[in-house]
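The letters A, B and C name the chains in turn, as written, and every chain counts its residues from 1.
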């Protein structure tokens, strides 16, 4: 069963290989465009400006916090969808995907209507606890989590539905309650799905723009994440926008590649 | 009551979003038989694409309908977006016949164009939610840290104008957010999230159900000129010129001033 | 104390209705074809399936009695060995065995040392850190058994514990399983479709067909007095215990059987009734197992006739032979008639006890 053994499947069929390479090229061409347009000579100077690092740090902090929030809420939601035996489950699943379909700007407005200072819930948060989410870093996290959560929920639910529920039965016969079974048996067995979902979720949160700027606004150091900085840079200096995009891309690729390697190898 | 406001706000944003995504401009902007007529009063026909600043969405849509009615057989398609984005699209070869910018700077960025004409100017106003709950009285309130203040980012025209005003008056604004465009700033006010924003008079007027405008004398320090020009790559230059003339005509001026624009 | 299970389960058109009891130290085998409801019965007792009617109780505590009482599996003192073992692949063998103890609140260190002891008992100490997917089928089965027994359950449930093994390892694993079951002081319920498993491992066999018990009793009883054609086909097997020495097995009930392959020690000896031939006179040549016998019964089955014989004192006192109806006519078979029987040594199988 050596992986290095010769492939037994023969040559790759051209009918798959051709569209596969086209697909890859399609995804990579915009990146190449960015690289080609990058102002390499002035790049270092632009890179080490305080604004860039501030936006990058904020982006990473917010995307990671949003991902943690999504994990805390999304994994149980996925479990409920996959195992809860709820009536009208397909309808609930459709609702879960609403943030995927909704234009992010509209999602941001919807969040304002609920969590804003005069929103359904936000009104009470403000009146009772003095909490106001818009224009705050917490608001950025909420907006990113709203948009990114479906990616996590759908991945984890898929993994749960593919997982063999008899392992959970085995755990029950060994005296494990549902919570222990979930923690010690279900969750480890769907770990690859959770990792995949987390990666997607984090990447989506990192690139989030519309809902963030609508719900949390834009203020350097507080709510200006990289995508917002990129957008505003585009208004005046497209070169800076290219540099910022490259930084965002580079950081996300490095983080995803290294984390994924570590997570997956940890599971073997 | 709340629900109706909410729905209206959602609808408004949806409309904005859709307008912003208007890159479905027809590829063929003129019919081949239209331009070669040698008659002294050429019959106008065919299509043109007008790239116009987002703040012109209402007025230009109305002007387009008026123009089409006055010239049967013509069709005007609009692409509304931020002026700088439009300027870039045009320079990248987007099929545009007319460009109406919200700032001379963006007009300057466009290379292949006819002589621009300033057709309106827009003045800043303080927008506050209906009823002015935070009791905003003037520009000095923008320095109050306890008030939720929203400005446009300096990179976009309304932000640049606001910056000019504050520099001229010596007031240090304490914004909570620097919005990506004037409509976003207005949305924050109309939803009551912000106590005040600095936007254009026309924007206040467009949202007069939810927003009140407060004029302030310092606004004269940063008046925004709107230039309009035909583009030399137009496939239907006659129709493009006719549309620009229509905007500059008395009918055009009437529509624009009704929306709050001042004459240049 | 006895486990009482009056199982009433309906699923669509299928109805299960079984009355079972299992005494401490007893191994009861639930034997029947696929789809008979054996696994459903096991799942109901384990609490993985709720009864529609009836009652399950042990030691005066009720596990399931609809509509009032239902204890979830984690609140029943059971251990289950599943058909494909269901070992947790993300845990080592030791952690698998310790899982039940940890789930029941045993301190981590104590659970681990107890689990290590169980792995030693099943002879897999050196695999403590191994992930289950690296184990052979037989090893996985032993880990599953250790995991089920580690919590010291009152009731051990085995669902086709040998079905996932290949034929060559089944023999050995079955013998080992038998030893562990003998040492286990609790109650054991074994579900199997393999008559041999039931015969060798169980103290009592309950035969289930279409959700109903068709016969129950000690293995030899069931084998020798099948009450229905189905049972006769199913358990149609000559099965004895004895002690082997070389190629000769001395049967516990008297008589000897000669084997093709030498072996030693206590063994089960089994051969199908078709391996036995009947002759009116002593056969010529020298088949190694030749016994004079007396016909004690004749049963007509679908395509064959099963003849019951007494071959004592040289052979087994109860011997089954399947012959064709034509042969019955040729031999003029009647009860009490003396005959000569032969058995081919190559068709005799032995299993270590």
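To be clear about the criterion, contacts are C-beta pairs under 8 Å (C-beta built on N, C-alpha and C of every residue); 3 or more make two chains touch, one makes a residue touch a chain.
This structure is a prediction, so every number in the text was calculated from the model and none was measured.
The greatest centre-to-centre gap from subunit A, using C-alpha centroids, is found for C.
When chain pairs are compared by their number of contacting C-beta pairs, A-B comes first. The most centrally placed chain, judged by C-alpha centroids, is A. Between the Cα centres of subunit A and subunit C there is a gap of 54 Å. Averaged C-alpha coordinates give centres for subunit A and subunit B that are 35 Å from one another. Note: centroid distance subunit B to subunit C, computed from Cα atoms, is 86 Å. For subunit B, no residue reaches two or more other chains under the stated contact definition.
Listed in rising order, the residues of subunit A touching subunit B in the complex are 103, 105-106, 109-110, 112-113, 116-118, 120, 134-135, 213-214, 216-220, 223-224, 228, 231-236, 238.
The touching residues of subunit C, when paired with subunit A in their complex, are 46-48, 72-76, 78-80, 82, 86, 88-91, 99-100, 103-104, 147-148, 151, 157.
Subunit B contributes residues 2, 6, 9-10, 13-14, 16-17, 82, 84-85, 88, 148, 150, 153, 155-156, 175-180, 184, 187-188, 191-193 to its touches with subunit A in the complex.
Within the complex, the subunit A residues that touch subunit C are 164, 166-167, 169-177, 180, 184-185, 188-189, 191, 267.
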